[in-house]
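I have placed the structure first, in the form of structure tokens, so that the comments after it can refer back to it.
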Amino acid sequence: MYPLEDGAFAPINHWYVAAWTSEISRTPLERVILDHPVVLYRKEDGGFAALAGFCPHRGFPLAKGALIGDDIECPYHGLRFAPDGACTLVPSQDTVPAACRLRSYPVAERWQWLWIWVGDPALADEALIPDHLAARLTDPEYRSAGGNYYEVPGRYMLMHDNLLDLNHVPFLHRNTFGGDGGGAIQLPEVTAGDGHVICTFTQPNIECPPFLCALLGYSGPVSRKYTSYFHAPCLHVILDSIEKLDPATGQTAPLGNLLHIHAVTPATHDTAHYFQGEGQNFSHSEPCLSEAFRSSEMVRAALDEDMSATRLIERSIKVHQGRLPEILLKADKAAVLGRRIIQAMIDAEAEQA
Amino acid sequence: MYPLEDGAFAPINHWYVAAWTSEISRTPLERVILDHPVVLYRKEDGGFAALAGFCPHRGFPLAKGALIGDDIECPYHGLRFAPDGACTLVPSQDTVPAACRLRSYPVAERWQWLWIWVGDPALADEALIPDHLAARLTDPEYRSAGGNYYEVPGRYMLMHDNLLDLNHVPFLHRNTFGGDGGGAIQLPEVTAGDGHVICTFTQPNIECPPFLCALLGYSGPVSRKYTSYFHAPCLHVILDSIEKLDPATGQTAPLGNLLHIHAVTPATHDTAHYFQGEGQNFSHSEPCLSEAFRSSEMVRAALDEDMSATRLIERSIKVHQGRLPEILLKADKAAVLGRRIIQAMIDAEAEQA
Amino acid sequence: MYPLEDGAFAPINHWYVAAWTSEISRTPLERVILDHPVVLYRKEDGGFAALAGFCPHRGFPLAKGALIGDDIECPYHGLRFAPDGACTLVPSQDTVPAACRLRSYPVAERWQWLWIWVGDPALADEALIPDHLAARLTDPEYRSAGGNYYEVPGRYMLMHDNLLDLNHVPFLHRNTFGGDGGGAIQLPEVTAGDGHVICTFTQPNIECPPFLCALLGYSGPVSRKYTSYFHAPCLHVILDSIEKLDPATGQTAPLGNLLHIHAVTPATHDTAHYFQGEGQNFSHSEPCLSEAFRSSEMVRAALDEDMSATRLIERSIKVHQGRLPEILLKADKAAVLGRRIIQAMIDAEAEQA
């Protein structure tokens, strides 16, 4: 698989974002996670169930079924399954065959997300989920608003490539974030460690980009620094810090920090799920600035641009029978490090198998 | 092929329903039968022609052509073919090459159906067609109305599975035939013999289901028994017998019998044709009750439910790369016997080949 | 590949029509030529650029990009490429990697066409382009109007088959050119030579077909002769000569010649490009007769019939897993000679490789 080697297309023994918790209700939701069809729904106590998506009897997709208490009913022959996967009813007979059960997937709620583990359940340690407080998503100094969801029309690595090279922003998003607004055209400082990549872009003296002026209630010169944290294999959080600048003296004063929040989950070999949100630390008054920004036409249009790019490159990969040639630039350093981390995760799983 | 073994996906040396005769007119009809593209049309005397569907010259589909007397004209270069497959005209030359002819398929009219044989024509014995009088379709005590046709978005065996396990009715058809109306949730009595399976469901004391009340002009307690006859590999006839019941004494008196008539013909590996009709023995007055029932919104909606289920399970099979796991229940006995009969037919043909 | 043997699906070291020059502007145009995705655009001096269609960095399709002077900018990360394929800018770094360049394809303008060479550029000799003066397209005695373009929903050889057997005209085009109007049902005289096939149809005494009456301003008996020149592997020009006939004496007097102009370029294995125009030598007054005819509803409808036939036969080929059986008729002589010429071109390239 481009841009990874042959073999598994994604590391499976990891936590991935399955859904916004706001997406999960008493109407079952079907979602494919790393080729696993999963049905997600709310239990009566508000908790979550994540079951294999097909009835083991005849393969009917359970997301079409109704909930009866905490059980889900297959619409074809009425079999019922509990959140732990046990079959609780076969209407046409008194006993349930032992083999008639569904796989139940470990899940964990963090921030506004439901994380899922579709790998070996014995390894599903919640401590492996990225620390949401450290990532500021649950930091009380911040208000963060999630809810953007896209079915990505291309393989998940294309989204990681996208998020790990923000030099695309002034070009792909010229008509949304603006040619100069969304990012510097510069080589970031890049460091990588155990399962993460950090990129830092610094713009010591720029005019405050128009879309930030609106958020910050300020226009004029600023010093901007943004730091992108990739917590492989799923989460990206970009800390976007803007300071008011007095160009004469070089003195700066904080205006505020934004969070640009992204999660990417492989669906199939060549499709993915993309979850996006925004946060801010500088105004806690209503209505929530981040919620307004996240749900704005501009952000929607910019994310559409990313989806379009992903679709077009996925098409290119297919035109090239999966072997798209590439030229690596200096700005690809972070993407290459990110690919290596994910490839190493896949390789480690292949060795254990 | 699920749920059959690898190899041919259907037995070929058998009669299958190709079309309702009402579908066949002076406008040619293209229909694929067991991967054979066939063109069907009426001759001037009202008889039927069934020819290979592509012109042998350049492969143009003949169903796009016009009829000239009993011949069909290829729209591309004007070649004409008679109902026996002989080429009767090549406009650009005086003689017809010996090899320039079409395969003509044996057909036979029974009840409102045209049956076809796409296997070895030397074996096409009309005595092998199920006895329509015995099946009551042409029984003068019954009025039977055909005409429902569906292109099934899944392999034909899924329809046989469906028709051989009527325990799906209270669930899949809850919103049409009703949760209790369409069938008992019980294990049928099942017997199988040479090329057939018979299932019997008995409901000795139930309230007459609403859709039957309307047909029978009666509401109250009834004794109901329905017997499903599968004449492999194509025809299902369900005899649905309802008797008025005096619960106090246990005495019964006939109200009437319905026939639920189904034929399933493989089209390609993963699509099929489905023909459906209804019959009744209890009222011969106009307008025809069975015709009204067959063409009703409720039956249409119920058949849509079956098509939807078939499409969803076909999708499940593909998600599982053709190897959908299954759990067999007691209620699957008839479906399993039906599969075995069809597998045996395929195996017998493979041995002869 | 039907109707050719396995191997390459088209000869590559040949000139093909890439586009009408009127299609090429300052908005880049993507077109796939023999599986090569190409982006075409105008330079500021009105000349043409033909570059590989994907950015070498991440595979983004360049036709989505903007022109900056004579350079095209990749919309993803802003890389720029000159018409010779050189990368002139990588915004995020000061130098351009040596390997970061695009393939630039040789092109040549002839008549209203841009011809392209996607094979070995060392062999791209413009003398190999068919002589447009000899073919009358640039003959000052003729006025010729191009501009019809179709994406062919089938492999290119189906269009050559179509154009090399005009006996299809009275049948496929019965409702456009008319049953007798578009062509004789007769065997043409066929000669073939080095890379070309010539067919001649003669109708010494017919009523002037209705669509020609309108063009010639004449109705009555005519002597018509049309000669079809196939310049393999791309160009067909049909010279359609009509003379007024005095049936009593057999004397004839020229009414005029039409040109029916066609170019067929392979796109992918099973799709093609089709370029069509018309010409005439008998009236040079305004408005241009050929332009009116070329852009008429009737020609549009007739070309739609050809596209439909190609789509249907491509479907037949696929139904037959690429091995569509054929019966050859006497009228196929020209098509068979055309296939042999193209097969010989492919074979010669395979030997050199």
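Every chain is named by a letter (A, B and C) in the order it is written, and numbering of its residues begins at 1.
By our rule, a residue touches a chain if its C-beta (ideal position, glycine included) is under 8 Å from a C-beta of that chain, and two chains touch if they have at least 3 such contacts.
The model shown is predicted, which means the values in this text are computed figures rather than measured ones.
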item	value
Fitting chain A to chain C on CA atoms, where both chains share a sequence, rotation angle to nearest 5 degrees	120
Fraction-based call for chain B against chain A, same above half, different below	different
Computed distance of Cα centres, chain B from chain A, in Å	48
Per-residue overlap in chain C, given as positions that touch at least 2 other chains	none
In the complex, chain C residues that touch chain A	37, 54, 56-61, 64, 73-78, 90-93, 97, 99-100
Touching residues on chain B, where the partner in the complex is chain A	161, 165, 167-168, 170-172, 185-187, 309, 312-313, 315-317, 319-320, 324-327, 329-331
